Amino acid sequence: MDPSTLATLLISCADRRGLVAGLAQVLSGHGANILDSDQHTDRDAGQFFQRIVFDVAELNTDRGTLERAIEEVATRFTMACRLSYRCGSDGSPNKKRVAIFVSKYNHCLYDLLLRHQAGELDCDISLIVSNHPDLEVVARQFGVPFRVQSKSRDNKVEAEQHELDLLREFAIDLVVLARYMQILSDDFVRKFAGDIINIHHSFLPSFIGGRPYHQAHERGVKLIGATAHYATADLDEGPIIEQDVVRCSHRDEVEDLVRKGRDLEKIVLARAVRCHLDDRVLRYGNKTVVFD
Amino acid sequence: MDPSTLATLLISCADRRGLVAGLAQVLSGHGANILDSDQHTDRDAGQFFQRIVFDVAELNTDRGTLERAIEEVATRFTMACRLSYRCGSDGSPNKKRVAIFVSKYNHCLYDLLLRHQAGELDCDISLIVSNHPDLEVVARQFGVPFRVQSKSRDNKVEAEQHELDLLREFAIDLVVLARYMQILSDDFVRKFAGDIINIHHSFLPSFIGGRPYHQAHERGVKLIGATAHYATADLDEGPIIEQDVVRCSHRDEVEDLVRKGRDLEKIVLARAVRCHLDDRVLRYGNKTVVFD
Amino acid sequence: MDPSTLATLLISCADRRGLVAGLAQVLSGHGANILDSDQHTDRDAGQFFQRIVFDVAELNTDRGTLERAIEEVATRFTMACRLSYRCGSDGSPNKKRVAIFVSKYNHCLYDLLLRHQAGELDCDISLIVSNHPDLEVVARQFGVPFRVQSKSRDNKVEAEQHELDLLREFAIDLVVLARYMQILSDDFVRKFAGDIINIHHSFLPSFIGGRPYHQAHERGVKLIGATAHYATADLDEGPIIEQDVVRCSHRDEVEDLVRKGRDLEKIVLARAVRCHLDDRVLRYGNKTVVFD
Amino acid sequence: MDPSTLATLLISCADRRGLVAGLAQVLSGHGANILDSDQHTDRDAGQFFQRIVFDVAELNTDRGTLERAIEEVATRFTMACRLSYRCGSDGSPNKKRVAIFVSKYNHCLYDLLLRHQAGELDCDISLIVSNHPDLEVVARQFGVPFRVQSKSRDNKVEAEQHELDLLREFAIDLVVLARYMQILSDDFVRKFAGDIINIHHSFLPSFIGGRPYHQAHERGVKLIGATAHYATADLDEGPIIEQDVVRCSHRDEVEDLVRKGRDLEKIVLARAVRCHLDDRVLRYGNKTVVFD
């Protein structure tokens, strides 16, 4: 199969009869071949969610006509829907543009860059932003533009404005906070039009806030965790995309938890980013639907 | 939602365009409301699989008409398809009838009976068959008919014939071998019209055959496993439904592996049985598609 | 090896040189054969912990003399130490006496009783206490005395006094709260001389308090957990003995979390109880050392 | 605590009374302070294993005298024992020298180099050997000598001889086969005096030999695994140090298994190498004792 003619449609709306058949009919009527379809109904919330992957190689119309037909169904059922083509009509790839924000820890950064190099992440890693110059050497190894924006109590507003300018300049769709040790302001989160994924080094909602491995050690837990979530105005409170844990014991001092946690952070963040890039995640309220 | 009007359709066929839309249209056209749909294409095998759950409460025809329409699509696309209603037209529940085969170990038996009591397994546990009388007391506690069919090298053919008669008498759909320490003959497997699920106490294909915990201890593995699979003529070679593992170490002697393994066996077998009962498993070749 | 002559020594004290050799010498000097020894030093707390299993079959003195020698070392190093023999000098087993407190959920109760029956738990299950009569039938199946002590806002003090009397009457060493839906007062916890293990159906410190599965569903976590801990005056705040998690997704409604959680609760509680019974757990501050 | 005065003693011998006390006494008698001690008895094999970590900062003799005393005990009990100091008497670190063998896959190589950089692996990574020049760029980024030794059916003997020369030249203690796609001959394994750790990309003993992910896909397993083991003359048959698994499903094609497997391979190999470097692994027969 030629992946260049694939498209993904993400839908959410109030649950109503005939939704599934309605969409299937529109797609099939225009010659789109449905390859994969996954759906979910949250009965408490009365919400319906669907992800459809289809092939437009043999459309009997053009993309514009298909889009208008989908829009018509969307309006009829009051759907929110998001359509993305793997490639443009001219065959050029439509990759999401990603900026990675880091401080001094390099493990998540290396991990994302190496996965990208291995073909695991279908995106352009377009920019690395840091409040320290330390990781420029890594950026250079992988040929990614690197910008330093130092941060202090005094320059927070200007610094964030500059970062927003950078995101616009590089046409960024997704910001990944890869153990970025700075808190982004509500204002930043609201102003940035794309998505922001953060990795928190605990099993949320345990150990919100600073130094979660110290908190975990203090409490004497027998597992430590990591959580990837969309950043929202409330710190560590955004919709969770992925979590995992690893066993620890009385033998583990804080530095052991830090070491074990690095592996967790890398894997959990990478899974979340990959799901997001593949248009597998739908947000609603403070939750996510992850079609995998 | 009233679960009594739910139906599940399982489909497999060679992959072709228009399948998904074709079925969705038929269902929706008869007033069936699609609640859940999951599908899979095995590209190597060129096979398509789908599971559709729909509600027939507001059919604008009757079940017979709907069934004929589905059959018509099935014929058109050369589909194998299996339709099951949660309840009959008269509202009486359509539960699968299950026989559990045991020897002397009681842990899987208790586990299945307790899960059934807790409402986790949507079936009738209609019969318990054993080659020993030991577990009759458990059967009696849960009010399930218990039959002893002793087995020896000499009476194997007659014994199996008697078991097949029992399965027919009790109208059994599914046999669960819950640590049944006897090997069923090819003949038995072929003659029984329903399905047979076995739990093997290793991570297949490791440690096929007898005494897998001894084999695992001998080899010095660091994880032990359990595998639930459909029984086929080839011992321990049937399609795998579910597997899991648990960590072990040099400290674990064989009896520790046996103890740890009991938890695995129970959980893995119960998950497989539950998936089967909910019509989530499709077999093809020596593999399964498990929609969960 | 004859397990009836085994003894276990648990030690905790401020870390000092010569501890390990001092004890080894005393034991060996009296003809005790050290079979297993595990130790841990918490450097932050400056605390040393050790568990020694030894065989007294070939003591060249008697138990009393050995005990006085151990006491002498314990005094010299200001150790807290706890010595337990598998059997008395007359060969009669020294099993811990356990009371299980339940309400209406039967899964943890059945699980503990079946594990005990299978020889996994080295104790006497001497008493089951409930605030409801429902589970008496289970107690009877396993031949365990069952006492109902109903509880209401009005009778709490008297009810707990009666429960304490029962624990004294049955000479209980360990109370296991097996999904006992009542909160024990500080007073109860202080007055009961033995230990109390509780199972909380969340990954503590997440979702402290009531209805943790509802809280987990609300928050949209991707894993749910269970925690076995010693009960202390502060609800859900006692030293954690064991924890585990299982994966969940947007597909899981609260009742699915409850179902998946049952397996977790059983396994986590059983592991904690087993470790406690085998004298593998040492408490200090709000933490535990679990030698496994 | 100053780690530079730590020493580790690994012992194995036939199980006999008085072993533990005998060693503790010798160490303590010379002023060595025992910090950690772990032991294991394999009852079937009648073998005893112990790992003791002690501090020689306040020896009341010198190292030579202590060593002779340990040797005396070792002779008395017919022990095999291995003593290693964290630093020499002059304070210079005694790190194991490691060579990493790779072909073209870079994930395990990067992983080991980054963990080493992060301080997780207490060793010198002294050499990288490959049968292809591709990964020289990675070696250069981390400043590690890189040698290419191409291999073909015709030059196998000479090539291995050259590799053995390299290992001698660089004074290598440990060879790590980090997805090295060549089979080392029995001769190589016998001639190299140090240890060799290999990562096999399956849950051994499943899927021995080539293309294990293809084999796993073919068999339809629901978990895939990775195994780190000491290389021996028999391919994939050496003593297992560490294993782990990850869940897969019918949705995973071979390339998905390869992707998921990369994470497993990295983590399992790194854990095994770390345990080996910390003198936590004892081999006996075809098994290991791993003190962790």
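A, B, C and D label the chains in the order they appear, each numbered from 1.
Criterion: contacts are C-beta pairs under 8 Å (C-beta built on N, C-alpha and C of every residue); 3 or more make two chains touch, one makes a residue touch a chain.
Every value quoted in this text rests on a predicted model; they were computed, and no experiment measured them.
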Quiz prompt | For subunit A and subunit B, chains touching each | solution = C, D
Self-check item: A-C or B-C - the one linked by more C-beta pairs in contact
Solution: A-C
Quiz item: By CA centroid distance, what chain is farthest from subunit C?
Solution: A
Exercise. Superimpose the Cα atoms of subunit C on the matching ones in subunit D and note the rotation angle, 0 to 180, in steps of 5 degrees.
Key: 180
Quiz item: Same or different: do the copies subunit A and subunit D touch each other through matching residue numbers, with over half of them shared?
Solution: same
Self-check item: Distance from subunit C to subunit B - Cα centre to Cα centre, in angstrom
Solution: 37
Self-check item: Centre-to-centre distance between subunit C and subunit A (centres being mean Cα positions), rounded to whole Å
Solution: 43
Quiz prompt | Where subunit A touches two or more other chains at once, by residue number | solution = 40, 43
Practice problem: Quick one: which bits of subunit B touch subunit C in the complex? Just the residue numbers, please. | Solution: 106-107, 110, 114, 118, 120, 141, 259, 262-263, 267
Exercise. Write out the stretch or stretches of subunit B touching subunit D in their complex.
Key: 40, 42-44, 203-207, 219-223, 225, 239-245, 249-251, 253, 286-290
Quiz item: Quick one: in the complex, what on subunit D touches subunit C?
Solution: 1, 17-18, 20-22, 24-25, 27-29, 33-41, 43, 58
